[in-house]
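Before anything else, here's the structure in question.
Letters A, B, C and D name the chains as they come in the text, with residue numbers starting at 1 for each one.
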Amino acid sequence: MAQSQTQGMAPETDEAAHFQAKVDREIKIEPRDWMPDGYRKTLVRQISQHAHSEIVGMLPEGTWVTRAPSLRRKVQLLAKIQDEGGHGLYLYSAAETLGTSREEMVDALHEGRAKYSNIFNYPVLSWADIGAIGWLVDGAAIINQIALCRCSYGPYARAMERICREESFHQRQGYEIMMSMAFGTKEQKRMAQSALDRWWWPSLMMFGPSDRESAHSSQSMQWKIKRVSNDDLRQQFIDMTVPQADYLGLRMPDPDLKWNEERGHYDFGEIDWAELKRVVSGDGPCNKERMAARIKAHEDGAWVRDAAAAYAEKQRMRKEAAKIAAE
Amino acid sequence: MAQSQTQGMAPETDEAAHFQAKVDREIKIEPRDWMPDGYRKTLVRQISQHAHSEIVGMLPEGTWVTRAPSLRRKVQLLAKIQDEGGHGLYLYSAAETLGTSREEMVDALHEGRAKYSNIFNYPVLSWADIGAIGWLVDGAAIINQIALCRCSYGPYARAMERICREESFHQRQGYEIMMSMAFGTKEQKRMAQSALDRWWWPSLMMFGPSDRESAHSSQSMQWKIKRVSNDDLRQQFIDMTVPQADYLGLRMPDPDLKWNEERGHYDFGEIDWAELKRVVSGDGPCNKERMAARIKAHEDGAWVRDAAAAYAEKQRMRKEAAKIAAE
Amino acid sequence: MSVEAQREALFEYLLRLGDNALILGHRLSEWCGKGPVLEEDIALSNIALDLVGQANLWLEFAATVEGGERSADELAFKRDVLDWRNFLLAEQPNGDFAQTIVRQFLFDCFHVELLQALTKSANHEIAGIAEKALKEALYHRRHSGQWVIRLGDGTEESHARVQGALDALWGYTRELFDGDAIDEMMMQAGIAPDPGDFETNWKNAVGAVLAEATLTVPAGDWSIGGGKKGVHSEHLGFLLAEMQFLPRAYPDAQW
Amino acid sequence: MSVEAQREALFEYLLRLGDNALILGHRLSEWCGKGPVLEEDIALSNIALDLVGQANLWLEFAATVEGGERSADELAFKRDVLDWRNFLLAEQPNGDFAQTIVRQFLFDCFHVELLQALTKSANHEIAGIAEKALKEALYHRRHSGQWVIRLGDGTEESHARVQGALDALWGYTRELFDGDAIDEMMMQAGIAPDPGDFETNWKNAVGAVLAEATLTVPAGDWSIGGGKKGVHSEHLGFLLAEMQFLPRAYPDAQW
């Protein structure tokens, strides 16, 4: 694929100008359309990161699937994890339309060249954490994803629509778990509070660095890969979530959190950006374990994938032979 | 070690006559003494089988060490398992005095050429089973072992004395667990009964085939390796154990069991000899798992043993070098 | 036969159905996030989901038959090992993917036969659940069967692994077809089939797939049973300790 | 400071001592029958035994300090994960023998320093328990230290494994020396030392053995803590589910 090396803000060729014009008129870019290299790269990075997050995200929840406290909750959690695997599939497929294979993307993850959502580097310590993940983590994800449904790249936008529907279902289930816990026994309420205490700040960090710091934002905005800024999404999440926490009777772990009548938004405390940086760069509580688990699954499964490939090849040869014999 | 190939009942050489005379006069045979090949082989087979039983026996109890229901019970069980390892050590040492290395004996176990007590091929399904093992299995073992304290081979007899003391301690602890269970809640009592139901017959089988069938018995008796017949030991165990079960208020799983005033012993039902044969020959419920666990431990530990040997060799070389340098 | 005895036998029979589905579903759920390839991770979760869903239906009905003293959740989360009625096959550890697939395949072939017969049960509740479960079991059997073929006729390594798994698990299949007094009562009442009746079908189905997979039907005659009367392997206790932790640790909680 | 606050702090401090011993002892007990060589199977059981024994003493004293509402066994078998106070190091899985030995060695070096200081505690009960435990800990440290040397200076493979274990576990040692408000209160009352005080001794002891073992002190600065305030790793919940099963499943039983 020979492509011009267009980068930067201003379209430098006719193709580039045509591309940007389509984007500006909200016409979706499709896989066979011309697109700037930077657009392609940004999308592959972002979509694969999103896919990896779905896959790595199965691990912390998998921690509790064998300890789900009722048959109904066990079924729900299994269904949720299964959906996440499915999201991973759509997203890898969407990224593959940009010319990068799933294998390459997975290798990049395992070799530490690709990232996944930092949120999955925190440990899942009680059943209430499963509720908190549904409520807060899926809640934050949806806010991000709703914005992405309007992304300029067609396959990504369509994958997002499908994902959003399922995620909002997960989010409701998560909140429902939080309700059982927060309105349950003393011990359950305590677990719920502990979960909120531990997951609140990491959830806010899911929206990425502040707009002041965000490296890729302005170009992504122009390309309409990104439609809303990190800080705006974060504020939207906070505004939506605080009343939900109030309803649960749980205390937000942020003394600076309060309604600002003038702004019409909640003010909140300063995020520990150093922690975000540390976790993203690999030094969170569970980064090593998550990657080790993914790599182990991949390595342990190598013989299975080899067998499937060998069998498919044998079948192909047999068909070929049968065809020749029938000629 | 050049030895005459003496076998059979009647001493055929002066050495053999001298040996048998010592045995007859209850003088212990010691490692450096002349002994018939058959005596040596029988002892190696029997002592190593006994050692293997101690080691394999650590596995079923290990199954519950992580689930012992109180700190006291956890400490007791750990101590017991540790003792069993120690018994394995004494016994391997006693067998080594006969010229067979521990490594050879362990290889024979792993390759299926050596046996261990069939009792350890049954699963340990509840905490009451730990009690039943102490009460019945250690109880049966002690009966066997007390007889063996008078064995003609010195190192074996002395190892037995030491082991007997510890085993009787284990047996008391096991019975004490049975008491807590049998006199405990309804559920505990049920577990205790289930344990007795499952462990009773296998315990009786620990004394080996009936005297009518026992392959090695008469020669072993003459050599005083064996002092009491299988059936006599079994009867002794039954007579001792039935009143203990009565005290616990548990029902023996043998409808034919009843006191025979005339004999002064309990009569009991026919043992399922086919089952004994099946389990001994490898087809018991847990034979495969037990051997797989031992072999896995051995294989997983190979690099550790290699490292220890390499380090010891390096140390030897360093000392050698230092000595030479100092000359 | 007394109505009470009939009711108890039916309860016991439903436990067997529910326990097999739940324990096997639980084992599959241990694969979450660890599958050899993403599609398979999803497939294993999906089968786990079906089985736990079926378990829920059987245990709910069992709870009703028992008289409502215990809920389906209490049956699932408050029974200790001596009260479980699943086959030993279902509780065997996952091992590698070959072990999991073979365990699944041997069970699925049985499950399809059993459920097919149960759709004709005189008990309409059972027939209804079986109808729903059968559709799922047919998919499960297709899935595990295809994997047995792929692994058997794949590489040398995969062939060896799947044959090894087959040899290791074969002895647990005898139990699937050994009828007992409960089965006899169910059969008499037209509620359930004699499990011995479909052993031949099972052997044919399994044999056909193994042949296609270039695998050998194991020859040894070692077998083990006991699950139906609560004599399990040592593995089940560990599984239950994990599965039942929360309801046991917080007996007053609603989740 | 109120007597009540003092009492609570002491209780909390005793839990830390007891929990470290119990969780680490429990982990070691998982090795039962699986050691690389018989002598080592016995040694690991023996260390497990010592540690569970120590845990019993600390938790019994903790139960007394709390006021007798709960027994040592209840503290051990009825607390869920948020209430455990052991270091993350103690709960990390056994891994291979190198991982187990390194975890043990890093802890033993700390344990010896801590217990040495506690023998001088103003609280005679604590001083007494520490006296007894110190003898055991010295033996443990000798044992694990010798293995670190043997493995480090053994074969290429053993060197690589033990260095890998060291690199993986190093980040868990920071927590051992981070004092908090409880430590501060204990120190003020002359009950226990500031853990930061013996970090240098620990580093020297560890460093000397690593040097002899031809191993490298890990360089990375990743570290993690939280155990002292109940923020654990995901491993502890599984350990507790297994360990606590019986007392939770049968709350009315005596064992």
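In this text, a contact is a pair of C-beta atoms (placed from the backbone, for glycine too) under 8 Å apart; a residue touches a chain by one contact, two chains touch by 3 or more.
On a predicted model such as this, the values are computed, not experimentally measured, just so you know.
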item	value
Interface with more contacting C-beta pairs, comparing B-C to B-D	B-D
CA centroid of chain A to CA centroid of chain D, Å	38
Centre distance in Å when chain A and chain B are each reduced to the mean of their C-alpha atoms	59
Where chain A touches two or more other chains at once, by residue number	67, 187
Junction residues of chain D - those touching two or more other chains	80, 237, 241-242, 245
Category of the chain touch graph - line, ring, star, complete, other	other
Chains that touch, pairwise	A-C, A-D, B-C, B-D, C-D
For the chain A and chain C complex, residues of the former touching the latter	55, 58-59, 61-62, 65-75, 78-79, 81-82, 85-86, 88-89, 92, 127, 177, 180, 184-185, 187-188, 293-294, 296-297, 300-308, 310-311, 314
Touch list for chain A against partner chain D, complex	60, 63, 67, 123-126, 187, 190-191, 194, 198, 282-283, 285-286, 288-289
Chain A partner contacts - residues on chain C that touch it in the complex	22, 26, 29-30, 32-42, 45-46, 48-49, 52-53, 55-56, 59, 72-73, 76-77, 96-97, 149-151, 153-155, 157-158, 161, 242-243, 245-247, 250, 252-255
Complex contacts: residues of chain C adjacent to chain D	80, 237-238, 240-242, 244-245, 248-249, 251
Parts of chain C lying in touch with chain B, wherever the complex brings them together	80-82, 168, 222, 224, 226, 231-234, 237, 241
